[in-house]
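Look at the two complexes coming up: subunit A is in both, with subunit B in one and subunit C in the other.
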Partner chain A sequence: MSGYKQIAVLLVLLGMLFSGVVVAEEEKPKEIVLGASVPMTGPFAFAGIQLNAGLNDFVDWVNEQGGIEGHRVRYIGEDTGYQTDQSVAVFRRITSRADVNFYFGDSTAFQQTINRELERRDILLTGASFASELNDPERYPLQFMLGPDYSEQVGMLLEYIAEETPGASVMLIHSDTEFGRDPIRAARERAEALGLEIAGTIVTPPGASDISAEALKLRRAGPDYAIFHGYVLSPIPEFIRRARQMRLETKFMGTFYTMDQTMIDEMGEAAEGFMGVMPYRYFYDESGPAPIMDVIREINDEYRTNTYVQGWLTGLLMKTIAGETLRAGKALTGSNMRETLDSLEDIDTGGIFGQPVNFRGNSIPLGRIYRADVEAGRMVPVSDWIELE
Partner chain B sequence: MRIGSPKQSYAADEALFRTPTQWTWFGILLVSLALYPFMADQYWLYLACLISINIISATGLNILTGYTGQVSLGQAAFMGVGAYTVAWLDTHTGAPFFVNLLAGAGMATVAGVIFGLPSLRVKGLYLAIATIAASFILQFVFINWESVTRGMRGMNIDPPQVMGTALADPDQFYWLVVPIMVVMVLGAANLFRTRIGRAFIAIRDRDISASVLGIHLPTYKLMSFAIASFYAGMAGGLWAYFFGAINPESFPLLMSIFLLAAIIVGGMGTILGGILGAIFMTLTPEALRYGVDLLSPFIEDASVILSPVRTMVFGLLIVGFLLFEPHGLAEIWRRVRRFFHLWPFRN
Partner chain C sequence: MQGLIEFIEISLTGLGMGGLYALTGVAFVLIYKATRVINLAIGEMLMVGAYLFFGLAAGLALPWWLAILFALAGGGLLGLLLERAVIRPMLGENPISVFMVTIGLGSILVGLVELIWTADPRRLPQFLPDEPIFLGPVFVFPEPFWSFVIAAAVIGVFVLLFRYWRGGVALRATALDQGAAYAMGINVPRVYALAWMLAGMIAAGAGMLLGSIAGLSPALALFGLTVLVVVIVGGLDSVPGVLLAGILIGWIESLAGSYLGGEYEHLVTFALLLVVLLVRPWGLFGTPEVERL
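This part shows the complex of A and B:
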């Protein structure tokens, strides 16, 4: 490369560096801005892409309906690759270019990291994380969850087990990650309170392929139930396949991120009888009145995942909270909206949850147990909606 | 055109800045750094702070790997030691931030020396694998030493206070991290004007010859690990203050690979290489977002379609550097400088 060309390249790079300098947008009246750090690449891209689509579709829909109390909604979502420093960069990028009212976070680490900044900027945040750590309004006053935290999800599974098979033994199988370890301590305590026996815990790397030693441990324990947590797919099918080969009668269960129909489909035959907890209605669940689910089905001809529905739930809760705050004549600051959220009771989610919901702490401890029916290609509810006390 | 810079003493020959032109440019750089916060928004200041932290850590790794030839994949774990030390001290003692940062760097130094011990027996890829052990062992400690680290729940850290003012926003934190970065980079550059630095280079070039020349290999190798870990600890402490929250997954093995890639892309064995590499690795993914922004009006769902492309372009750029510019960005910089030295007669 000649010297001139190298200088030209250098200048272009410098231009790119300084192109973001001093760009202050004028404040736009009558607009509610929803920013989002979304993992559209990386290990959680499968969820992020759907969530992004859900948020986009919700915003189009709500603006067609006249917005929220006359305010148009603007959505700005950017990819993070599921990396905390990139998520923070995206937060900084979006908040320095728009007056953000709501924010969607993509991970526990991001939501912990950005907490201080939320309080300073007075922005209300929700996110993809169901980490029990975040279910603490004193430490995380400007955050809320879109369902039960992981401890509550496992708690619901244990409640179901205790009712179906009193005194049953349960094996906890979790990934060696912050995500996987989250509910284990609480699960032990709840199992003891419910008179269930914890047969042991098995820890594997997320996405592990060789689980020979762990499968033998499962065989030795021979539990009535095994609860997976901290995985998306692998090594769940392999565990189930090995258990079937070893003629174990164990029933297998999972939590939110394992429970989407696409994951169940990928498990193939191994999924037959697989159970788990899901706070939202499935796309194809037409069992009760659910006007928002009807809208979602109207917009989409084909199956949409639970994370797509989660995007709609984010928007709906934002609509409810912002609407109430505006009707009370208050500004859309994080603390005002948190006050509103705390005052809300029996929130209507348009049927996404099977009944009106209430926040307890930062979470909504409501969900239902489903079982996979492989032949029908569907998740079938096997319990009523369970609301934890 | 500059035709020469005569040196009349050994001190002049070893000087960091040898000509008035170099001093002038260094002065311009310092003034630019001082003016930057008044021109940039919070996003660009956030990136400047992140780049500064990465420069400190990459410079430390460059001392160890680029100058001493000891390949390490434990730099992120040592950053973790610094970060956890700072978080613990901040939570339990309320000591001033600078004391915490030095203590964090000190603890990381101790960890670096311990995990550097294998370097006395193995080198090259074997040493790289041995230093991966540092990542795993320290990760295990971060997860399981709950009474100190709070395990998977992680720790929150308040922003550092200077005379009652919290350095919470990037525009405030900038004034802490950039001066520290400048001092540490100058420190690293000066290191190689001393016997210690020259010993490191001798070990890298041929350890047996270095030993014959009277360099005590165990001492100097461990010293290199200690200095690199000190830099990592300081970077980790600043990381903890900057982000305000850490957990055991904050400093993964991938971060060590990121730092190693930064010094390879930047140019190993040059101080400028560590700086340019850290800037490139931090800034390129962000700069590529502008490509996505530019194409958004023309492509529906641009962010969904182009985000993976952005990641691929980033990967290709790194491969491109390795293929076409194996000496890194620092070599390009040197060529640009040479061009101006001789301008307008040759390029």
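This part shows the complex of A and C:
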């Protein structure tokens, strides 16, 4: 082969190689992968099914808008049955078959268990848990919450109580679980700082049981308010019914997982006047501008739960964090996205929260107090948005 | 004086739960005495009864009394079905195998309930009177009070049936000596079916009462765990033992919950189980020859 021919062949080969690289780069779709361990069966299925629907709808919507900085979003969610071992297995399965950038966890236990693995794989995670323990960027640097932690939620209730009835007495009623015990110590400290009296704590055993003996304790203490934590539904309506049978004037309150309209509806008449803290706007809350809530209402004709809205919030925060990271020219690793998250201020959630939000540690300490109006079948806001310092 | 009134109130509250323990315990013992099967699915059978009532009263909007009758019939039918389809083919097998089958049955029943009604927490339509009861200065919540009254009445009816009804006598005869029962012309397989059917009905009734007190979710089946403690403490094959143990454990749990805290309720129950197993492993009134697993 002559020298010219050799050069020509070399050029052709180089050209093919180069064009191949270009073709390969063009063919490789830019995508952001959101993995999720979702409890679509088991005791938290009521939340997981809705959350899964919220994530799916968000992903469809954001891809219709052109994705995130030109990246399409792919969602991979699998059922866990609300079992930690299943959640971990789902995490391993999803992360082994896709380059996951962002992950959603379904429980406190899962989020505690998977923490080291997150750091090893450099993935940013959020989840369904509001456990106070997770609100520690030192120990959980690649995790953040979708609202206030449980201590902050109870703190908001206490702030409201202190404003409505200064010096009031408050009973804390919680389940004998890690979930139930979570905010108790912080609640005592905050109550003292606010000049409220903690009338006592009532602990209920896990599982189905009669709470009549515990309700007698409520009568003995006769508190102005009682805050439930660590429950979804039972034994809240049973407690309220017993309190009414004893002619108590106590006002009852709850935290996030008790506060969905579907749970309030299940309580029946007992729900009248029931109050609680909720960081997100309800589906039907049309007060104030909320473009994302408008989109949600446009997509859905019927009521959607707060966990569905939580799915959208997960997506929106991912969009903001990933978008800022990409604009800064950084790869979508967990550490880079955490850096971005720490630099964000006054994040717009499209009206899901009533005002722009800021992270404090791993949580967003913002929420509002609502009261049940059984006749209207709605939760009505009774406070402004409360942001804890 | 106030302390004494409180003690009485707490004790009476405990009797409500005790009555339900005793009632479900009777269902357990009925099966064990007649068929020698340790039925660990009793909590799940109870839960199915509560869901049947929920489906009929809330889903189909039947009057509560009709829903109760149908739910009881449904519970009986479930017992009959389980005996015929699952337990009877296992007769003669190793007791551990049958015991394990009942654990599997429990999982299947929970799965079925979650398929039909989902695992979402629910509230049973109220059918117990809502007016508080005053016994002099003593206040009693209506739900546990009426639960106890109903449980006691049902147990009373069953005691009479066992004593005087032909089927009840056949049950007792089979429990005492199967060979002799066969020899006397008693249709023993039919007695087995009868025991499971009656146990299914009793469990369904207890499930409806428990659901009205504690709310409705598949977690209701966990009640079966405490019932297991009740029957071990009372004696696996003793109806009077189970009645006494049920009331005793209900009372102790109520006192522990009130004076120590809810976190001690189950601790005290299982501590009692441990003591009984160490001191009198056949239970307070059980037969010492009973085979332990």
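Just so we're on the same page, the second predicted complex is superposed on the first by the 356 of 389 C-alpha atoms of A that agree within 3 Å, B and C clash if a C-alpha of one lies under 4 Å from a C-alpha of the other, contacts with A are read in each partner's own complex, and residues count from 1 in each chain.
In this section, contacts are C-beta pairs under 8 Å (C-beta built on N, C-alpha and C of every residue); 3 or more make two chains touch, one makes a residue touch a chain.
Remember, it's a predicted structure, so these values are computed and weren't measured experimentally.
Looking at the shared chain after the overlay, A:88 reaches subunit B, while subunit C stays out of its contact range. Of the two partner chains, neither subunit B nor subunit C is touched by A:193. When both complexes are overlaid on chain A, the residue A:382 reaches neither subunit B nor subunit C. In the superposition on chain A, A:41 contacts both subunit B and subunit C.
Of the two partner chains placed around the shared chain by superposition, neither subunit B nor subunit C is touched by A:331. More residues of subunit A are in touch with B than with the other of subunit B and subunit C. Within the superposed three-chain model, A:299 lies out of touch with both subunit B and subunit C [touch as defined at top]. In the superposed model, A:78 makes contact with subunit B only, not with subunit C. Contact with subunit C, but none with subunit B, is seen for A:213 once the two complexes are overlaid on the shared chain. Taken together, the two structures place residues 41, 45 of subunit A in contact with subunit B in one case and with subunit C in the other. Those residues of subunit A lying in contact with subunit B across their complex are 2-4, 6-7, 10, 13, 16-17, 19-24, 40-41, 45, 49, 52-53, 77-79, 81, 84-86, 88-89, 92-93, 95-97, 108-109, 112-113, 115-117, 120, 133, 139, 177-178, 181-182. The part of subunit A that touches subunit C in the complex is made up of residues 41-46, 176, 202-205, 207-217, 220, 232-235, 237-238, 241-242, 245-246, 262-263, 266-268. Across the interface of their complex, subunit A is touched by residues 39-44, 46-47, 50, 143, 151-154, 156, 158-159, 168-170, 243-245, 247-250, 283, 285-287, 289-290, 292, 301, 303-304, 307-308, 310-311, 332, 335-336, 339, 343, 347 of subunit B.
Put simply, subunit C touches subunit A in their complex at residues 6, 9-10, 13-14, 16-17, 114, 118-123, 130-132, 139, 141-144, 210, 213-220, 222-223, 253-255, 257-258, 261-263, 265-266.
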